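Please see the structure below; I have some questions.
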Amino acid sequence: MDLTFSEEDEAYRAELRQWLSDNIGGGGGGGGESANAMMKRAESSDESKNDPLAGARAWPRTLHDAGYVGLAWPKAYGGQDASFTQQVICADEMARVRTPPLINTIGLSIIGPTLVQHGTEEQKKRFLPRILRADDLWCQGFSEPEAGSDLASLRCRAEIDGDEFVVNGQKVWTSLAPISDWIFMLVRTDPDAPKREGISYLLADMKTPGITVRPLRNAAGGSHFSEVFFDNVRVPREHLVGELNGGWQIARSSLDHERSGLSGVVALEETLGRLWRMASNLDRGDHKAVEEPSTRRALAQHWIEIEGLRHLGFRTLSNQIAGKPPGAGSSVGKLFASETRNQLTRTALRVEGPLAPIAKRSPHVVDRGRWHAAYFDALAHSIGGGTSEVMRNVIAEKVLELPRPAED
Amino acid sequence: MDLTFSEEDEAYRAELRQWLSDNIGGGGGGGGESANAMMKRAESSDESKNDPLAGARAWPRTLHDAGYVGLAWPKAYGGQDASFTQQVICADEMARVRTPPLINTIGLSIIGPTLVQHGTEEQKKRFLPRILRADDLWCQGFSEPEAGSDLASLRCRAEIDGDEFVVNGQKVWTSLAPISDWIFMLVRTDPDAPKREGISYLLADMKTPGITVRPLRNAAGGSHFSEVFFDNVRVPREHLVGELNGGWQIARSSLDHERSGLSGVVALEETLGRLWRMASNLDRGDHKAVEEPSTRRALAQHWIEIEGLRHLGFRTLSNQIAGKPPGAGSSVGKLFASETRNQLTRTALRVEGPLAPIAKRSPHVVDRGRWHAAYFDALAHSIGGGTSEVMRNVIAEKVLELPRPAED
Amino acid sequence: MDFNLSEEQETLQEMACDFIRERWPADCAREALDKRPAVIGADVWQEILEMGWLGVAAGEDVGGIGGDVLTAAVLSQEAGRGLLPGPFQSSLIAALAVDRSGNDAIRSELVPQLIDGSLRATVAIEEPGGRYGPDAIAAKVRADADGWRLTGSKLLVPDADSAALLIVGAQTPDGLGWVRVRADAQGVEIRKMERMDAQSCSEVVFENAPVEGDALLGDERSLREAYDIWTVLLAADLLGSAEASLELTRRYAIERVQFGRPIGTFQAVSHRLANHLVDVEIGRSLLYGACLALDEKRDNAAPLVSAAKAWLSDAAVAAAESALQIHGGVGFTWEYDVHLHMRRSRCNAAILGDADYHRDRVADYMDESWVPPVKA
Amino acid sequence: MDFNLSEEQETLQEMACDFIRERWPADCAREALDKRPAVIGADVWQEILEMGWLGVAAGEDVGGIGGDVLTAAVLSQEAGRGLLPGPFQSSLIAALAVDRSGNDAIRSELVPQLIDGSLRATVAIEEPGGRYGPDAIAAKVRADADGWRLTGSKLLVPDADSAALLIVGAQTPDGLGWVRVRADAQGVEIRKMERMDAQSCSEVVFENAPVEGDALLGDERSLREAYDIWTVLLAADLLGSAEASLELTRRYAIERVQFGRPIGTFQAVSHRLANHLVDVEIGRSLLYGACLALDEKRDNAAPLVSAAKAWLSDAAVAAAESALQIHGGVGFTWEYDVHLHMRRSRCNAAILGDADYHRDRVADYMDESWVPPVKA
């Protein structure tokens, strides 16, 4: 058992670290802006013809030029063909300095790897390089109003008409739809087959006539998600990914394609650090909140949880490096990370104590209201991408091998 | 809203309190012995012909002579025809001074009321007075190895043969079976009917040939429960309670026939008092365990839980006095009391701290090991008489009116 | 023995529930999040005054209905269920504080005006510094040549921006107690704050501000009693909110179908809701117990108030969190009401003592006065 | 990077698991509850010694195998899974404590005997008074004319009734550290205690008992390190027990049919087990992390040890409680094994620091040395 890397890998890390320190904090080029803020600006801008996202595209392009995106992808399509260990080192170092968010994250992390694995040669050539350089931004069309946890019951239909699919229906909880160029989506292509066997995986240009985007306002007041409506939208047959009616397995494999979760651990640890500082500054009469035994124990428990996640990540990663299946680690890590994040923000509100009710921008508000936002985000996170309930079903079935209830 | 009783009721209470103080603590006549201890003695005694339980029967007889058992039962069968309020006052006062356990509790609290409601005139005349005076001791034959939470799937069969039923099968988790004179039981009398509609309610003399009792040792080392086997046991038809195949409803109603739970509250409160004393005596270096903030909060939380149960009991009771259905209170109270009891004993082990592992009779053991026993008891309690899971199903269906899963 | 709402209370509760649902539908609370702060509109406020809600627990001799604390709590519960904002609750507690101040002259002068709405008052206790409750009050009254002067700071004072009179807990030459200060007096600065649920509150800073009447409005006993009553009203608000979250989720669990059946048939949902039902029923019982104990001035009134507040703070927040989780995606939309209850219950859970503060108060009571039953 | 068991460790684990299942089946642990205390029989003990289990983590130069702490932990985990009692763990930690004492002469004299079983030793740290850990050690060594003399009292010393040598944490003229005392020396009184799971332990009272060699066996650093290693071995035992409880329940949930289907199809059961699986995997990860940090003597070794012990104390007890609850009636019978794991995990959870003690230790570390990552 060891946690060390080869000399070569350590050299890679050192080089990256140097690059990051040279390129982050001023020089990065607009990267400091959040994806949400970018989207807002894109929506409200008058000068949308001049690409209001130019600033946001600069950072992924800088990264790409330096060879720090698309690490796992073949060189033929603009990737790096990097080793697994290098991928991990890269994710880890970026998380450590909290690089600015990437406007093309969905492309890089979901549809890109899916195309690498399942795309046709033409699809790879056409889409992958443009994903890497943020020329095309992508959004995901999986969930529907009646198909949330039970994704396989989706209804959005695509009928074949000559060389085209004709798509009708609705998607929901689509992130960043208003600024996306393309959508990848699951559609029902055989209504008579068992529900998981009649689904296909399509790519559609968001500018195709018949697509309407309606942003949804979320509970925290922002509008990260949209509904997307399809009214006789014609999609060329060449934009089918994989086999006709074989979409479910492809979507499944992209959902399973989880990382070791180690970069998420760094983010959680940083949050705990902020929480500790907050508790160290807050008065409780003649002492600070951090001196209270119950607060100390709660924060210690979070430290323990985060170390648990980190070392679970090491185990998952070791399996992946050794070419073994990731084991129970990936589903366990995802569920536990989401629970930990939830509990952490709850603890934050408890530590805020009498100041917890105060709204953003009010005097006396703690840390400019970040903990309220973090609390809502964490709750939302435990729903997005499979609720914690669904994750428990998965663990019960796949890891514990308990019998599956009859309903499905 | 008020919590006061009428003058007449208060006079009743004063009289009872006086009687209790005159008759408890020395004079009560063998009542100080626990049911378990009684059973043990009964088993090991050589002189079983001379009724080894004579001592144990003395206390219920004393109570009966004074008119403090069978309060709700008709005078014609030895009862008191007392008002509902008087019943409550009686239960409350007895809990307050922790009267010795009654050897005939199962008769008084389950089969007695069932016979009052559903028994034939002959059954009432024959059995009720003997229950009140502890001449007959009763045990319950409901659960079976394959029918625990899912009681209605019981298999123990009774076939009609002339004027008799012939019973074959097995019961389990039967309390006090070795010293009982009679058993009331659920048997399947129509194997072809839907499972709740083919069950009958029978009474059987434990001395009938073909009945075998095998005590089960429990996890705490004692043997409170038994298995009871029936091999061609002949039960006269006159010992059927209610209609043939109508047993499920009768059993259901006796399970629903719950008290306000107020006497259970007194017991919990007394346990919390002991726990507070224990925490006040235990050293934690230079201070006492009770001075630790986390211990204080845990104990305060138990106080809150117990007050919640007490006031829930007042609400249930008020409904019952007013002749209204008890409301959500009875199932809620049962579930919550059992959870509270569990948590309380867990807190006790946490407060014991370094001394928690020490077995009974070892030096340094805390409170002679009572908290270990209480912990096991509490865990068992949340299974006996319907697990907490089943209680939650009941609340979901009956109180929240959620749809019922298809399985049953 | 009748430990339930009286018929009159049940009727009042139904009326209040209907009125709020009609005149302050959830959309009003939602819109207020954009147009802060949330305040009851003038016409609805007038109707509330005319229904006499501010006087339900005040004496009949001063224009009230002579009801008990429970009656006031029933209204607060409906305010919580219906997301009704200020200045309802602050006005109610201000009227109750003066009614029970023990100061007959001021009581008969002010309470009628407080009840009919001609005088808008609010109550200020909590201060900066991170400690809750009357024991943390540091605001100080000094007697100088011109009379009594108040210096200090109060946080999260509800509806102070629209109040004419401030009823303030302070250390005075005559001990801890209530004093009155006009909101427009010299030396009073009102700095607007807002709550996560958009309800109005302010920091109020007093610098040598003149105290009306140069004397106590009420002594320490009356201050502590009012603090307990206010706390129990918040507990009632939390109960209403918890019930609303549970009911929204219950209905959703019946209607929403996933995997071919209503999600309410899954134990991950149904058992969770059953646990919340237990929480709500225990909380309601504690609330009734605390109200009765306050009315009968029983020894264990304060710990019972703390029990209700601690329990319902936890219960309401947990019910709102489950509501969000069980609703899934739609629960996080602006249009669904679940986040409104989340916001309200999160705020009320942390106001006038959070669950930990109140558990500590219970522990102190256990230390000093609790007598457990002893085995014979 | 390879953060998993090595092949050798996996092989050892399987062997140990099979050996214990065969030579110390659960019935032995059950029967021991009646014929206390639970002790490994002479023949099985001899086999264990021959397999070299006590030397897995000791240096090769003193007869050990030269493995790491993790290798020892793997054996403890199997002991937990298989309910193996003393004197296994106390002998293992005694050998490790001497091996890592830093005292070369004594090390090369004693460790070979400790490993081959010719010298049975145990370790004594905890004292009466309710505080855990090395900081609570009050037992004192005085130097007098005849040499060093130990006075004090130790609680819950494992297998002291069968040990020849006691390795004792004490305050000495040379500071806090280890000293050796012969069990049969004058001034040593061994008072038998027993654990809820029937394992042997004792109170050992020293009154001017002569210290072997009149000198430290190991200094404060080595005492603290051994305390941490012992703690991590207990955490491993708890992990094994948690896995056993979970596996028993998993199998029962597959076989047991109620309401027409296996109870494992009910979410009340399946989600609960999924949560325990998460607990176990997080616990295993923490355990590995703590072992590696100890072997590499990293700065965060102590808080990682505490993390593993705190987490696994909670996790093992919770898994055992769920096992009882989900098994229903049969879980409470003497014949089922679930109560055996409940007993063992309840004991180990409260030994060498309960979860709260170890969380406090983590908080102290955070206060003093933790450096969270900082946003660029």
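Note that the chains take the letters A, B, C and D in the order they are written out, and that residue 1 is the start of every chain.
Note that in this section a contact is a pair of C-beta atoms (placed from the backbone, for glycine too) under 8 Å apart; a residue touches a chain by one contact, two chains touch by 3 or more.
Since the structure is predicted, the reported quantities are computational estimates derived from the model, not experimental observations.
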Farthest chain from subunit B, going by mean C-alpha coordinates, please.
A
Selected pair, greater C-beta contact count between C-D and A-D:
A-D
For the pair subunit A and subunit C, the C-alpha centroid-to-centroid distance in angstrom is 41
Subunit A-subunit B separation of Cα centroids, rounded to whole Å
54
Cα centroid separation, subunit C vs subunit D, in Å, comes to 52
Shared interface positions of subunit C, touching two or more other chains:
261, 266-269, 271, 356
Pull out every residue in subunit B that's touching 2 or more other chains.
293-294, 297, 389, 392
Interfacial residue positions of subunit C with respect to subunit A in the complex
33, 36, 126, 128-132, 136, 155-156, 191-198, 201, 203, 257-261, 266, 268-269, 321, 324-325, 328-329, 331-336, 338-339, 342, 346-351, 354, 356
Listed in rising order, the residues of subunit D that touch subunit C in the complex are 266-268, 271
Within their complex, subunit B touches subunit C through residues 1-5, 24-25, 85, 96-99, 266, 269-270, 272-274, 276, 290, 293, 296-297, 299-301, 303-305, 307-312, 314-315, 317-319, 321-322, 328-329, 332, 335-336, 389, 391-393, 395-396, 399-406
Contacts from subunit D onto subunit A in the complex sit at residues 1-6, 68, 70, 250, 253-254, 261-262, 264-267, 269-271, 273-275, 277-278, 281-286, 288-289, 291-292, 303-304, 306-307, 310-311, 356, 359-360, 362-363, 366-367, 370, 372-376
So in the complex, the part of subunit A that touches subunit B is made up of which residues?
292-294, 297
